[in-house]
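Should a chain be cited, it is by its letter among A, B, C and D, assigned in written order, with residues numbered from 1 in that chain.
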Amino acid sequence: MSVEKIPVGVLAATGSVGQRFVQLLDRHPWFKVVAITGSNRKIGRPYGEACHWVLADPMPAWAQSMPLSESTPDAIDVPLVFSALPSTAAADIEPAFAQAGVAVCSNASAHRSAPDVPILMPEVNPDHTALVPVQRQNRGWSGCIVTNSNCTCAGLTVTIKALNDAIGVRRAFVVSLQALSGAGYPGVASIDIHDNVIPYIASEEEKVEWEPRKMLGALENGSVQLADLQISVHANRVAVSDGHLVCLSLELAEQIAVDEAARILDTYEAPDISQSLPFTPEPVILVQDEPDRPQPRLDRLRGSGMTTVVGRIRPDPLFHLKMVVLSHNTIRGAAGGSIYNAELLVKQELIG
Amino acid sequence: MSVEKIPVGVLAATGSVGQRFVQLLDRHPWFKVVAITGSNRKIGRPYGEACHWVLADPMPAWAQSMPLSESTPDAIDVPLVFSALPSTAAADIEPAFAQAGVAVCSNASAHRSAPDVPILMPEVNPDHTALVPVQRQNRGWSGCIVTNSNCTCAGLTVTIKALNDAIGVRRAFVVSLQALSGAGYPGVASIDIHDNVIPYIASEEEKVEWEPRKMLGALENGSVQLADLQISVHANRVAVSDGHLVCLSLELAEQIAVDEAARILDTYEAPDISQSLPFTPEPVILVQDEPDRPQPRLDRLRGSGMTTVVGRIRPDPLFHLKMVVLSHNTIRGAAGGSIYNAELLVKQELIG
Amino acid sequence: MSVEKIPVGVLAATGSVGQRFVQLLDRHPWFKVVAITGSNRKIGRPYGEACHWVLADPMPAWAQSMPLSESTPDAIDVPLVFSALPSTAAADIEPAFAQAGVAVCSNASAHRSAPDVPILMPEVNPDHTALVPVQRQNRGWSGCIVTNSNCTCAGLTVTIKALNDAIGVRRAFVVSLQALSGAGYPGVASIDIHDNVIPYIASEEEKVEWEPRKMLGALENGSVQLADLQISVHANRVAVSDGHLVCLSLELAEQIAVDEAARILDTYEAPDISQSLPFTPEPVILVQDEPDRPQPRLDRLRGSGMTTVVGRIRPDPLFHLKMVVLSHNTIRGAAGGSIYNAELLVKQELIG
Amino acid sequence: MSVEKIPVGVLAATGSVGQRFVQLLDRHPWFKVVAITGSNRKIGRPYGEACHWVLADPMPAWAQSMPLSESTPDAIDVPLVFSALPSTAAADIEPAFAQAGVAVCSNASAHRSAPDVPILMPEVNPDHTALVPVQRQNRGWSGCIVTNSNCTCAGLTVTIKALNDAIGVRRAFVVSLQALSGAGYPGVASIDIHDNVIPYIASEEEKVEWEPRKMLGALENGSVQLADLQISVHANRVAVSDGHLVCLSLELAEQIAVDEAARILDTYEAPDISQSLPFTPEPVILVQDEPDRPQPRLDRLRGSGMTTVVGRIRPDPLFHLKMVVLSHNTIRGAAGGSIYNAELLVKQELIG
């Protein structure tokens, strides 16, 4: 890397994922935030005033006084932006940046289903960055849009990837217990979730049944062939601040021993090109032996929130294996994932 | 019923299920609590002092001053006891009562797996009371032991029963989100569950994978032929006071429409002999149409806590149907279920 | 009372206090809800659809299909309305009803500070209904506006009233721990209160420092002379569904024994005219002896949520007595209080 | 400091404060944990197995395999121990270590009231270490016992100290909202605190009414003259993981402006000898201007959990000032405070 940091912007920095971008980019070795954007009625106000900060880590000092800019490529002149835009806004704003030559690393779902836009996890499918030149050619862009997956998909997809590479995974039952921060801010009303579970999250089940298939799919002729994998999802909201837990039952190509599965997960490594980047999870997957782990409060910050934690691997009476998977929804499943994506783009010289 | 109420005892009345027995039996039209028992070091003390009452409904006045007796048939002379004993204690104490001619309606798991002891749900398998004469003959008892199921099994089994009768159920994926009161008192430490989920409950998954098969099984030659049904369970503890929620995916004998499934569940009725008893759930199953229901805080007290609430019925990409099932764990799933069992025994003249 | 019930309306019935009005008025012996109002964009829609019901008790069947009306005296023709309007809307809408001859029993703070509008608690100051004729004369109304106090003031004021009558109360330190339902719906964002306390509630401390002084004041020449009592308040929001807890230190006219204080509170009775009404609290004050009570979850529903619960009475090293006071914020402190007010108005023939 | 670290032991390392000692001493620049002790039935077992770790930060690797020793000076040969012993055990065990020449920095309350044992906060009363020679002479010890205060007293006492030095503080009303971790492990049962507040903590109010007076007192003839300050305390347990919040009303020697109070608190510095130690809080007091701060979840980790956070400074209608004070109960109020004490003892050459 050059000694000089790459100037970056954060789109929609006042929301809950936007805040996480600001917090994680503080002291990033490669990137320096020089612009942050917010809704139109807040433009020009300092971030410290305009933002209702909800993270336990204090707002970085440099962000306090940074004025909010408009979310347009004219307003902020940088080669790379991180987008925490809501999906409807992202539909138009992100292409405008890509058109203007900016690499957009996005947490929004708006473009995930486009055939030439990758849903990227560097520890899973770094080869999918091959869609960037396709995208540029298709759309006449000099920039690009690269998305990270839905927050629940992140840990789930890494886990399936490791077992799929080693054995083959055919079907997956998934029940998620998702944290409050996944709903943004203000998100869930306290009276709705207090002493309660909400067994429904709008549009979530559809995403989690589809996105892993794209991430695990093979590139063919400039688009992704969906992986031959069937997934059934039940999504629940629970009263946990951060950390999405997934109960997972897997049908494999063949039965394997619990120890063997643990070994496969424990030794899974990111592809070479995705290793040794600043946000590379260390380890990619942590396997726990205790009978009652992982747990969100105790394990969500493993590997600085980038590690996927798997435990309770055991035989399943219907399929082959049961297990519990945890990953941090606003770090590995959102802002941290997008930063890791950007690092991969830099390494592949796809930015600027 | 006779005008005079049947005198009953509550074994281990100071625990969380024991308290629920005391609360639900207050003003019961058929039963009158005349004795309550507690651990040996508390015998003779008034219940109001010896018991750390954790229910929101106040302790009934008559219970306040009732002294704790020893858990032996000599100490309490009644034809019927409700047992909230821990499983290890139940192993010996309950047979002693049955031997002495007492009908034991038990919430303990100790005897559930015995071939001649029914796991009884009057709205599911009232015919299993035919095991009572078998049990008496086998063991030379004049009393009997009749158990209710594990708390998580209750709503689940009714739901499967209705669909099994109508269509046939072959396989079930079950992920439970279980309430704190299911762990007894003191149960789960607050620091363990606060801002957290615990994806493990000791011995729970085994029970929920097996007990429904016994309850749904056919009586043959004085024992139960387990139902031909495979179940896979993931059990989780969540920060909810009462009400166990289950995410359920079912493989049926054939695909049916969501509306048809809703109709089957909504119109399910208890067998005739189990209807119109004081604790008969009204309705047995409540089907909800809202996209985000049932929820524990809002729906656990439907039908005074005896009704099973089912919602979010929708197609499952792997099996046939997904749905969410809620039932109150200390009412329908424990004390209320045992009282309903006792009512059935009275109606069948199997008590006293 | 006449055999025929008085037809009533509920203004702003879709909010959290409005829902409580609907729930508490179900099967009320004197009142029958014939109209409910909501925000303009929802008019005409059935309540069951337009309202996000957040109470654990199910919505009454009659309310499900009742269409929402506009909040104007033309739209709903009744002699009595209960108002759960937000304060800004109440400022204009409530006088329009009073002008049209309707008795308005209001939970809004908009008119509480008007000299001719009583803040009424029948068990404390039923004589303040003497402001109704004053109000009618001042304003040329044939109806009237009668308010209940801020939710935190309710239990606090009854407690002070009892001790003030018996001994005299000079100064009060008050720290409240207030429930989520007090903030309305959606109210507090879950991510703000989860694993947290918010030591601030907008405008709350001012109200609680002033309203008890008006309720405890003497009527003189058609207005209230504020009671000579100084109050200091710290208001906090905590993660509790219902029930406002108050830590209270009192400086009395003279020191009294703890037992004497307990006796005074325990034997406090509502003035004769306020007794034996449908919503009269039974008892008005419940005194608890246990060292760790009252607690919101266990004690908020005493006396159907209308009773004030006091415990932990003990000497105070600075003033004279410390104690803990609990009352249900949306029942005694809001909707239930307003219904009790209306019952008093009916008894005094001030309605219709 | 010398290049070689001082070997230290942690007594009762498996409890919740003991775990915090282990976590905070990881990589401490001066101290190296070489021994940890636990209850007799666990002796010899590795800490990683014997300890139910409840902190979100993972257990340090070196601690996992360290075997538990007996809590006697024979079993562990170090010049300094940190004690997380329960008070009853501390009564005998801590003097045995002091007798054997060991400096005991204790979190237990057992010896706090002894006239020759300091309750030490380096940023408040470092001169109270003058009791160490007195203690040695009185008791014939070559070691010593130095205690930190009750967890609730810590932030409270620093706040009062700053205002007392500048203006004079005469009376304090204190209502605490205390976190779950303050109750140790297993501590509070989840069913007791879920959806609830417990307005009682055994022996807590007495401690908080007395300990600040000792810490703020003057040394005279080898003992502490209690500060002339009256305190009234109401203690509450709330559902927060960490961080004790205090609502505080102060009677000063004279009224001062809110701005002046903020300036006094904001500029308060530790005495010279207590500055620049590894655990010196930076800053000692953080004053917040936002209307709704401090809040436990957002502010408890300021200054790595050693800073006291004060906000909502405003006039009090009865006394002079109201404010809200937050400090981390297991860091500044327990283990971190004891480590800071030990650093002061090292600097004053009172160890070893």
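The working rule: a residue touches a chain if its C-beta (ideal position, glycine included) is under 8 Å from a C-beta of that chain, and two chains touch if they have at least 3 such contacts.
None of the values given here were measured: they were computed from a predicted structure.
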Task: Count the smallest number of chain-to-chain hops linking subunit B with subunit D, moving only between touching chains.
output: 1
Query: Measuring centre to centre with C-alpha atoms, which chain is farthest from subunit C?
result: A
Field: Chain centre separation (subunit A, subunit D; CA means) in Å
entry: 40
Approximate Å spacing (C-alpha centroids) for the pair subunit C, subunit D: 42
- request: Mark out which residues of subunit C touch at least two other chains, giving numbers and ranges.
  value: 54, 194-195, 239, 241, 297-298
Query: What residues on subunit C touch subunit B, complex-wise?
result: 53-58, 194-195, 241, 297-298, 300-302
Task: Enumerate the contact residues on subunit B facing subunit A in the complex.
output: 171, 173, 175, 177, 194-200, 209, 230-232, 234, 236, 238-241, 245, 247, 249, 291-298, 311-312, 316-319, 322, 324
Task: Going by the contact rule at the top, pick out the subunit D residues touching subunit B in the complex.
output: 16, 54, 180-181, 185-195, 239, 241
